[in-house]
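One structure, pasted below without further comment.
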């Protein structure tokens, strides 16, 4: 069985790479999906449709163009891993968690102990909370072995 | 027709009261629902099930007990208003937005101009972005009149 | 049993009034719902959220604010009547028909013989095509008697 | 990942060919689907089931036979591109947009600036509005790269 | 709790009246729904939309007009009772059973022992097979008491 | 695109073979599914689970064992062709039609002119009525070409 | 808001009565539903449809007749409380838990500490584990106050 | 057609091996899925996320990590076989049965005659009750041949 895993959240560290490489070392048959993780490219995704003077509408256009990608890939995935870093608002990551919860799609959160309290509603619907990418790899291994 | 509106998010200002009173002045037939908005009571919702030494599990129990309320009320509601203040992580508000998006339930965001950018994914699925509670009342009036 | 009927489409003739009065004369227990039918008010529904220089975004904001109303009322309705007049594009009416079709919600079209051909895909999923409001009243009577 | 894209709407220009070729030049792994785009063949799709004297029923039979194709292909697709030309009623295109909206399937509209206003409800649920086929190719590229 | 029960099938005997009266005697709080049970009125339901020379299209129009009623009422009901008499094809009754099965809506069949074999697929998804209306009343009583 | 077509109904003529061969001659890429079409084998499908003295329970067991197959294959199929012969009750065929209707799965009926009237509710939800297997092949060709 | 709560499981102690009375003392506006809790009546629910020599079929008939009640009431309920006593198999209670989990319907388990381990999969999807009926009342109060 | 079958329940006998080998001998094209069947590994599935002093939370973590696997595989499967042995509570097996019932996914129970009565609600929604693995193989053969 081939598993599809969506990697949502933080784009400022290499956690995606760690999970993907960890799974490759374990020979797990997983396809990984993700939003556009280049921050500038993501912000500019809608610019091809014409420039906007107003920053709300520029963001709106880019966010919707990105949503075609993220909604499609998230719906196709069996499981999501949702990463919260220690900085920034990261409301898109929490949004993805709520989206998964409503669909009954299982997700794992990946974050440090410092932010347990503000993430309590997100973790209430999560299937697991991991602190390290190694733990995530172990959990994915548990599905396929 | 009676409308059911869920008020999600920030608990440190009186925006709920403003919307409810604004709608009453307009004689709009709306039932408003909400999470437990008393911060300490919310954090302690699970304590009745036994004390926990570990803070993760205390949060987990309370968040799940609260989720019985929030999921039930959100599912029953026709529309959600989701408020983001300028402080705190407020991941539960973004989580509710994602939950609504997956269900196709329309929601309105209520936040200041300063946080447009980090909320762009949340607003991409919103039906409206309001900056004041008066604007929210006007939008609700547009549904019922 | 109380029936809920959504009246979608043309806003330049009094077909809604004719159906509502016809059903009242037959003492049919029906609640009728509809979009905002005042053309200028509908176009301006989003203006409360701030003016827009760009006409696309003004339309976009108003259409989304109106969608909170129309999606909510259409979802609550048991049946839709969708009226196509002889003028204008009326893509919103065809959009509502497609929306109903996807949900399996039965709808009746109301239009003249002249536009049978361009409406053939819309009628392929309709439960009935009526040419007069009296015919619509008769069909609604058939449900309740 | 292989993407499935449905191309709905106008059959009097070569916009489908432009998008398909544009995606091939970018080496995007996409299967494109579409209704029968030969106008006469589409109108005659039901004739195999017997001739009809009445034009309503001829249209009805053909539209239903075509609906087996269009509903099946649209349901299988991940994303739709919906093209509105400047002529004709094109209610089937708006119908497809409404159908997608109800299913939560993302769609992109492709049309000129002249028809922004009558398409405002259709665009309210769209993820993007493009004016050129090049823009559509760029958006599809954003999903797969 | 008020229960909604749909009575589908045979229109040539008074089984509906027997069940309704039996439930009234037991003071069961049930609303009963049904198709139009006057055979000629049912066949003529679509005539208000214009006469048809071709018998297929006359039947088609009437059946679709009736379907607005039957689909709406069946969807609203909690439970269906589906009666098969010893005569006629009664494919509409079997159709309603399949419709209920796909929706997971529980149904009870009511028929004589003679037609057990041809109804085996219909009974495979039924929650009960009754031979008398008294038995149906007892089963409904079991839900409400 | 590979299409999946379920062939439901009559087992006493070779209509399945005609359709399958007709599609092969047209090189249509279709997988065909069906219930067990050997009458005795179908009736005996449950016997492996132990003999039954009571004919109702023998039928019940076999019908349920067969339902594992038919429900699974029907759910996987894109389209159904439902054949009604001139003899027998064939309630299972009408049941399958109702099942498809509730799921929004398109189906084609295949039957002679003599039984138009008793099949009017079944045809009201059908996408096409064919009288010959050649017509069915033509309709399937219209989907894939 | 009126809440609907389904009380599933053990029928050999008065836990239902304790919860109902506890909620009445708190003036909580809740309708409580339940399976038939008289053991002999439950086992005999199908006897009205005719006696069975074979105990499997007697059980089967009764269980299906009861399922009309339990499935209908469980689907209508907002929340379930599922009680596991220390004796008997109680597979019906675990079945109801799985049913709720698949529907995304929140449930609370009520059981002693002794059976934590065999209930771990049931609790993995529960929103709360209570040991006393007072705790259940407190949780229900948290939803309505 | 390739079939996907989930094998749920008892882990203390080799019934899975018997079914898999029996299907191989019949050359049935089936992929079999299952929970982790090593008892200790299953209990320890969550330990990688950190040790727990409290046994409830250790079980909770492991059960949720396992649920990622079991929910994902069960959702992907066409059919489930659910085995109840004569010992232990086996509430997870009954839970899986309820989960399948709510999704309309067909399942077969496999158990001895001794436990017919406590399994009557589970069997009420099952498509077949088998006593031997050979019977299960025969039923699976009936789907694919």
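By written order: A, B, C, D, E, F, G and H. Residues from 1 in each chain.
Just so we're on the same page, a residue touches a chain if its C-beta (ideal position, glycine included) is under 8 Å from a C-beta of that chain, and two chains touch if they have at least 3 such contacts.
Quantities reported herein were computed from a predicted structural model and do not represent experimental measurements.
Relative to chain H, the chain whose mean Cα position lies farthest away is C. A rotation of 90° superposes the C-alpha trace of chain C on that of chain E, rounded to the nearest 5. Which listed pair repeats B-C comes down to matching contact pairs by residue number; over half match for C-E among E-F, C-E or G-H. Set against one another, A-H and G-H show the most C-beta pairs in contact at G-H.
Chain centres were defined as the mean of their Cα atoms; on that basis the chain farthest from chain B turns out to be F. Remark: chain A and chain E have CA centroids separated by 49 Å (rounded to whole angstrom). Computed from the mean C-alpha positions, the centre of chain C lies at a distance of 37 Å from the centre of chain F. Look at where the CA atoms of chain A average out and do the same for chain B: the two points lie 23 Å apart.
Of all residues in chain E, those touching 2 or more other chains are 64, 66-67, 104, 129, listed in ascending order.
On chain F, the positions that touch chain E within their shared complex are 55-56, 59-60, 62-64, 66-67, 70, 84, 88-103, 113, 115-125, 129. Residues 31, 33, 36, 45-46, 48-50, 61, 64-69, 71-73, 76 of chain H are the ones that touch chain A when the two sit in their complex. Taken in their complex, chain F has these residues touching chain D: 1, 3, 78-79, 104, 106, 108, 127-131, 135, 138-139, 142-143.
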